[in-house]
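Have a look at the structure below before the remarks.
Chain nomenclature is as follows: A, B, C, D, E, F and G, assigned in order of appearance, with residue numbering initiated at 1 for each chain independently.
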Amino acid sequence: MTENVAEWKKNEVSEISSKIRESDVIGIVDIEGIPARQLQEMRANLRGKADLKVSRNTLLRIALNEAGVDEEFKKYIKDQAALLFSDINSFELNRIIEENKTRAPASAGDIAPSDIEVEEGPTQLQPGPVLGDLQKAGIPAEIDGGDVVIKENKVVKEEGEEIDALLADMLSKLGIEPIEVGLELKATQEDGVIFEPEALEIDEEEYRDKVVRAYQDTLKLSIEASYPTEETIGKLIQKAKTDSVKLGYEAEVLEPDILKDIISDAKKKAGSLASSLGSDFETNENE
Amino acid sequence: MEYVYAAMLLHSAEKDITEESVKNVLDSAGVEVDESRVKALISALDGVDIEEAIESAEIAPTTAPATET
Amino acid sequence: MEYVYAAMLLHSAEKDITEESVKNVLDSAGVEVDESRVKALISALDGVDIEEAIESAEIAPTTAPATET
Amino acid sequence: MEYVYAAMLLHSAEKDITEESVKNVLDSAGVEVDESRVKALISALDGVDIEEAIESAEIAPTTAPATET
Amino acid sequence: MEYVYAAMLLHSAEKDITEESVKNVLDSAGVEVDESRVKALISALDGVDIEEAIESAEIAPTTAPATET
Amino acid sequence: MEYVYAAMLLHSAEKDITEESVKNVLDSAGVEVDESRVKALISALDGVDIEEAIESAEIAPTTAPATET
Amino acid sequence: MEYVYAAMLLHSAEKDITEESVKNVLDSAGVEVDESRVKALISALDGVDIEEAIESAEIAPTTAPATET
């Protein structure tokens, strides 16, 4: 370090490194390509949950160093990086970042972040030269009853392909916003552990299933061990009753509760025998 | 089920269902009658409306659900 | 149904179902027996597997409510 | 049902189900025991594998559902 | 299940279900009674309407038609 | 159900389920532990193969009638 | 599943499910706690309504009356 190092840089580094020390969770995000206005919005959306700090990559690295963060973590600083400071755990932080992503129209040269599909159906567009442009852009459009309609679902750009100017224009005319705009989380650091975003994706459905399974298995154990709880006493009673009725029925124990079923069953059996004997016996008795 | 069928026969013939009559019917069929089961039957029938039980068979009939397959 | 009940009684007691035995059972129940119906019953039963007839009743028949699935 | 419950209690406690034991259990519960019902129970249970009887799903369901709604 | 059956027996005989009565019944069946399980049972039964619990069973799974009365 | 949950936790962590361990777990969760319920649990689980109990489909149906309340 | 069981225990005991409380419970069970799994659990449960999940379980899936035999 020379004496030429600007004072503001020193201040910036010490400000960042003290924020690093104060925060439970540090995130590194890529903000490349995010327009200033939208970055402002994101900052606002994160307020109370995380602070976003944009600075030069070199300064961020120095600050991480000074704060004593694991060397490993610094490698996630590249392109246009920014730091997130938060006290929310990495999983939730990741979720909040995902939830705050917005869609934007494509511009010429954008890369499709996922397959771009047009859907069959009417459009708001007036018939005219636009029809030819749509077709030229590979969109299956036609005139139907004075409206421009899309004939069928079609993937017009696959994930990873570049979007040309014409298609970008047509997509925006159709109101399709294929571009995802938002902070791109590169990694978080929490309690000395580094998480990459893939590790932070949580399948809530899966947890819900686990909750259900835990509940059911616990009920089963409680019933099977006949250990009564508030939740299972009713079921144990039912099981006792049901099994007793079954036994009574099977063994033809002539008790009122069971006899009813036995009679009903006897009637059914006799009835089905009667019906297999022909109409004579089906219509039966009393004459 | 023979005890129950004896009772149902008597019921359907509109005869009284008594220990005596049930025993007679079973006897005539060559069944070795277990008196205690006859008694139990009669005593259980005391709390059962045969007509109702029969009807429940006709209404909700067989079903035997799940079992299929 | 008393003729059918008589048959079921005999069947469930594992006795032979003959004109004779059916008549006996009905008699003992105080039923005025119609010989031609007894004959008709026996002849109708000829070739019927009672067990099967009963079981087919239990599985499929009537409503077979929505219980499944 | 108390007679059947007594039997089930003994069964699930892995005790022998006899006239004696059923009577004992009912007595201790303060039930005025009807000997013929006890006899009938024992005789009905004779030769029945309780575990199997309970499991044989075929039976119970038969009647049940319909009530559903 | 013997603890539950003891309770069911008492219920069906219209007797009070208490630690005392449950223990008595189990004792009489020759069961070596675990006091804590009796307590747990009684405490779980607290506030439970057995009749209602039984009926809810009758609607759904196995048993017999809700004919009760 | 917290007592049973404690047992399931220990089971799924492959730890022994003892009065001690169950109490510890409940304690740590801030539950005011009722010793007799712990004892009852341990005694109820005695001889129960948890894996098997969970798998035994037999139970599941019983659970059905959410009617409870 | 021990992490889920820890959460369920806390839920059933009406305690807050936090990183702290889950860790405590697991610790007390002798489980070597993986902090990131605790964090994942807490964050996932943030979006899961346990009560609702349980109720939906009781009505539908549990049943599995496929017991057939």
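Following the convention adopted for this analysis, a residue touches a chain if its C-beta (ideal position, glycine included) is under 8 Å from a C-beta of that chain, and two chains touch if they have at least 3 such contacts.
The structure presented is a predicted model; accordingly, all values stated were derived computationally and were not measured.
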Shared touch partners for subunit C + subunit F come out as A
Using each chain's Cα centroid, which is most distant from the centroid of subunit D? A
Farthest chain from subunit F, comparing Cα centres? C
For subunit B paired with subunit D, centre-to-centre distance based on mean C-alpha positions, whole Å: 19
Whole-angstrom distance, CA centroid of subunit A to CA centroid of subunit F, is 33
Between subunit D and subunit G, tell me the centre distance in angstrom, where each centre is the average of that chain's C-alpha atoms. 39
Residue list for subunit B, restricted to those that touch at least two other chains: 1, 5, 8, 12, 37, 40-41, 43, 52-53, 56, 60-67
Sequence positions of subunit A contacting 2 or more other chains: 214, 216, 218-219, 226-227, 229-230, 232, 234, 238-242, 244-246, 249, 252-255, 257-258, 260-261, 264-266, 268-272, 285
Subunit A - residues contacting subunit G, complex: 89-92, 95, 190-191, 193, 195, 199-200, 202-204, 206-208, 210-216, 218-219
Residues of subunit D defined as touching subunit E within the complex: 1-2, 5-6, 8-10, 12-13, 15, 21, 24-31, 57, 60-61, 63-64, 66-68
The residues of subunit A that touch subunit E in their complex are 226-230, 232-234, 236-242, 244-246, 249, 257-258, 260-261, 264
Contact residues on subunit E for subunit A in the complex? 1, 3-5, 7-8, 37, 40-41, 44-45, 48, 50, 53-54, 56-58, 61-65, 67
Which positions of subunit A touch subunit B when the two form their complex? 252-256, 258-272, 285
